[in-house]
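Each in structure tokens, the structures are laid out below.
In what comes next, subunit A is part of two complexes: it sits with subunit B in the first one and with subunit C in the second one.
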Partner chain A sequence: MIWFETLFSGLTLGGLYALFGLGLSLIFGVMKIANIAHGELVIAGAFLAFAVVDLLPVPLWLLLPLVTMGMFAVGYALQSALVNRVLGDDPLPPLLLTFGISIVAQNLLVEIFGADNRALDPGWLATARIGPVWFPVGLLPLGTLILTVVLFGVLHLGIGHTRWGRIVRATSDDPALVGLFGVKRRRVFAVVMGVSAALAALAGVLLAMRSSVTPFSGVERLLIAFEVIVIGGLGSIWASLLGGLALGLVHVISFRLDPASGLLYGHILLLVILLIRPEGLAGRKVTR
Partner chain B sequence: MLEIRGLDAFYGDFQALFGVDLSLQPGQTLALIGANGAGKSSFLHAICGMTQARGSVRLGDTDLAALPAVGRAAAGVALSPEGRRMFLSLSVRENLLMGANVRRRGPWTLDRVTGLFPILGEFADRPAGLLSGGQQQMVAIGRALMANPALLLLDEVSLGLAPVVAQEVHAALAMLRDQSEMITIMVEQDVNRAIAAGDRFLCLLEGRAALTGPCAGADLDAIGRAYFGEDDT
Partner chain C sequence: MKKKLKLSRRSFLSATAAASGMLAAPSVVRAASREIRIGYITALSGPRAEFGASDPWMLEQVRRLTENGLTIGGNTYSVEFLMRDNQSNINRSASVGQELIQREGVDLLLVQDLDASVATGEMSDIAGVPSISTIGPWQAWMYGRGSTPEQGFPYSFTFFWGADDAMGTFPRIWDQIDTNRVVGDFYFDNSAGQAFSDPNIGLPAIMEKAGYSRIDGGRFQLETQDFSAQVSRFKAAEAQIVTGFGFPPHWSTFWAQAGQMGFAPEAATFAGAFLFPSAIDALGDRGNGMSTEVWWTPKVPFHSSLTGQSAAELAQAYEDQSGAQWIQTLGYSHALFETGLAALTASGDPKNPDAVRDAIAALDIATMVGPVNFAGSPIRNVAVTEVAGGQWRKTTGGRHEYDLVITENALAPSIGVEDTTLPLSQLG
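For the complex of A and B:
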């Protein structure tokens, strides 16, 4: 029974990790850049939620879409105003720029909210349980996991089966050519960054409901997000889900067996994957 | 009609075209010829806005030179690029649909393109990268046609294709030529085939117009001299 519980909490934690990785993988896939500020987008989502509930106590079902839309706008603006300017053949400028954005974002968050620990009180959801008496599971973690899978599904359909997704994939394939087909690639990049920021922010709100965060919590989430996409692989969004679940399971199981180990076994998993399957569990070999 | 005056093209400091002039009537096809590096692709890129250029380019009432590439696409310029440049993560159908993004009115639809190249209908759901070179060339041309262009730019129509496939592609292009008001500029390595497919020809030499004239009754010896840049003595 205890192992069922461990498995379940590994999967829910893994779902959250997958959500950290998803937005980062999307940016990497479409723009071929690493967004060092991705962790700060996660944390900014959490703090935007704090700000909203401080102002007026909106219910969760309203809070999530509000934060999502707000952070979409932030991502869109960041890309149009800053990141688009430094995109080119050289991967270094976007790396430095997003590093700079992450520092500025941390300081901005401290300036506005202070450096204290904060968490989001999920109210009655915190203790609500569902399922058979012999295996009751928390409604909040279950809901989180379901929401994560639904988000992956929506993104899969959006990218694979809509006109918008077709344009995004074409832009990723050959950004220099799409202009001839009436596509403004900077607009596409801005929307994609908006989507990435919205996903990150959702993950941030879910994170803040299970543990407390500070303005400096972004780095750890960026690290998790990188591990997720290395473990899962690039080239498909489902790879991020797989990578997230694998990492979540390893963290929770290793915590059970060896409580002092911290994130050690996660890093070991990462190393093993890099050694025996560098393209990731579900990634395609990068051939160019 | 298409009216080009004093077209220069640049890659950074390097100048690839020097004051090229051209005018074409609706329905006309230009055979653009020249040796490797003569500037044929640069000429097409300068027209569709893919490289820095200077000079005047007018299509009908539209001043193309004032527009970015996206605007030129909307104004009716479409390119089938050298090397075909498939969108590799898109299926054949999706590649063709990319051409329809500009939403111009006209006769070209998925059905008509697959009518012209039936194999593309059969392979509609395959990733475009898995097709043969000839089939990819058909996708590239079909994708450009899906934009219902007023000016169709075809770069290296039969480069790297087996002779029968090249024949097939040219047969399809000949059908287009007889039934539309579209202006076409075709780059084709095979000079005889190019002259046969065009109404007028333009031979470039080191970025300059070396010889131009009607294709009917063109003097192949003179073209040969312009092509290789020999003194015409």
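For the complex of A and C:
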């Protein structure tokens, strides 16, 4: 019985992890850059939600799309104003730039909101549970998992079966060549960064409902996001989901057996994957 | 006839060399003047930024008080404060401590952070610059640096309560409510958490002595995102009390999962997580009834030796001018300035480190946090302050969402008890 609880906690935590990783993996897949500011985008999403709720008490179903759209705009602006300027053959300038953005974003959040711990109070949803008495299941973690799977599905359809998705895939394959077909690759990059920021923001809102965050919480999420995409592998959207769920399960099972282990077994999983299957659980081999 | 200002290359070089020489050795030049330099280290950013949140405001108040200087031993000294942010980081603490002691040549170092006080305590002892610290259980400060209550330190001092005193309030809080006396505990794994969870001198021993049985939830790491293991263990053992130590994000994750998994204890007393009103606000309605150790509240009957303000007046002034709710560190950072300035004044010669050191050791003053008594303390270099127990209660339309109600005062008899601790099931 207790193992069912553990399994459920692991899967729901993994769902959140997968969502941290999804936006990062999208950026990496399309632009081939590692966005160091991804953790700050997650936290900025949470703080945008706090700001909206402080101004006017909107219900959750309205808050989620508002924050998503707001952070899409932030991501779009960030890419077109800053990151696009440094894209090139050298991977170092974007790395340094996003690192700089992460520091600026952190301090900006402290300046605006203070260093307090903040959380989003989901009201009755916080402790709502469904299921039989012998196996109560929290509605919030269950909802998080379902929302994550739905988002993965939507992005899968978006990339695989729409005109926009074809353009993104083509840009990812050869950003120079798509220009010949009238595609403005910088605009494509900006939209992709917007989508990535929007996904990060959703993850941030869900995190703020599950726990509480400070402006300094971004770094830990970035680490999780990187582990998710390394464990899952690159090349497919679903790989991130698999990576997230695997990491979440390993964390929760190790917390149960050895509470003091922290993220140790997650890191060990990462190492084992790197040793025996460097392309990740579901990634395809990249030869270059 | 017009006289031209002549600036030859030679005279320009010699003038700039002299000027930059002055800049490069500020401590030497300034030491001759009657100026006292006081270094102040606190956490303004990083995970412990809330602890330092009121410090810039507090420093502003103290600067205004000392703008006409201090008259000590018939001489008037001007006072300069140098505040440094240690970014909640022990390495950064060491480098700002180094900077203040070596480059700025401070006469006294005030430290409002445990990590910083451990790092800078050593420097102050080696350099022979007196330092006073607070906000850290004195055991962690003393044993962490390899000393003993008999031995002490040459130049570093601290005043705060002890870990044993704070933990001792917990069973007395629980004694006030009707439970099955089964306690589930779990601790954040850092130096303070290890002291709190020590099976011989920490909370487990204190609980056992008080007649409570213990369900061990273990220690956890900083990044832990899931506490379902602890929740299901406590729930299976039917624990009615939850305790331990951790930061607000840990507790809010645990508490949400407890709700989702149908675990509803009668008391939740968690060190570290309930110090600040913002942490309780972040729990929403479920923050009602959380209990904690209490360092300082606006209701303590103490007055400032600097301004004569009561605790309530200090909190009011902070709330009016900052727009934020009072925090527990407000009293301690005020008291840190009180002890520092009192020692400098009593020394007779603030530029003489040994005179200042002796003045600190002989100090016994009434501060914003109650008596700070180094002179009569059985522990060398340490003045132990009072600690009480309290419970956060939802207000009915007050200034704030939650107020801290004092429910236990065995170690702080001058603080009045306002109510008995109520079980969580009664508070809803």
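Note that in this section the second predicted complex is superposed on the first by the 288 of 288 C-alpha atoms of A that agree within 3 Å, B and C clash if a C-alpha of one lies under 4 Å from a C-alpha of the other, contacts with A are read in each partner's own complex, and residues count from 1 in each chain.
Keep this in mind: a contact is a pair of C-beta atoms (placed from the backbone, for glycine too) under 8 Å apart; a residue touches a chain by one contact, two chains touch by 3 or more.
Just so it is clear, the structure is predicted and the values come from calculations on it, not from any experiment.
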{"item": "Which partner reaches more residues of subunit A (counting touched residues only), subunit B or subunit C", "value": "C"}
{"item": "Which of subunit B and subunit C A:S217 touches, first, second, both or neither", "value": "second"}
{"item": "Contacts of A:D173 with subunit B and subunit C, given as first, second, both or neither", "value": "first"}
{"item": "Subunit B versus subunit C as contact partner of A:T162, first or second or both or neither", "value": "neither"}
{"item": "Shared subunit A contacts, counted only where both subunit B and subunit C touch the same residue", "value": "none"}
{"item": "Contact footprint of subunit A on subunit B as seen in their complex", "value": "48-50, 68-70, 72-74, 77-79, 81, 85, 87-90, 94, 97-99, 101-103, 143, 147"}
{"item": "Partner subunit A, residues of subunit C touching it in the complex", "value": "44-47, 49-50, 53, 186, 189, 217-230, 232, 236, 247-249, 252-253, 256-257, 259-262, 276, 278-279, 282-286, 324"}
{"item": "Subunit B partner contacts - residues on subunit A that touch it in the complex", "value": "163, 166-167, 169-170, 172-174, 176-184"}
{"item": "Contact footprint of subunit C on subunit A as seen in their complex", "value": "2, 5-6, 9-10, 13, 16, 107, 110, 114-119, 121, 123, 126-129, 136-141, 210-214, 216-217, 220, 223, 248, 251-252, 255-256, 258-264"}
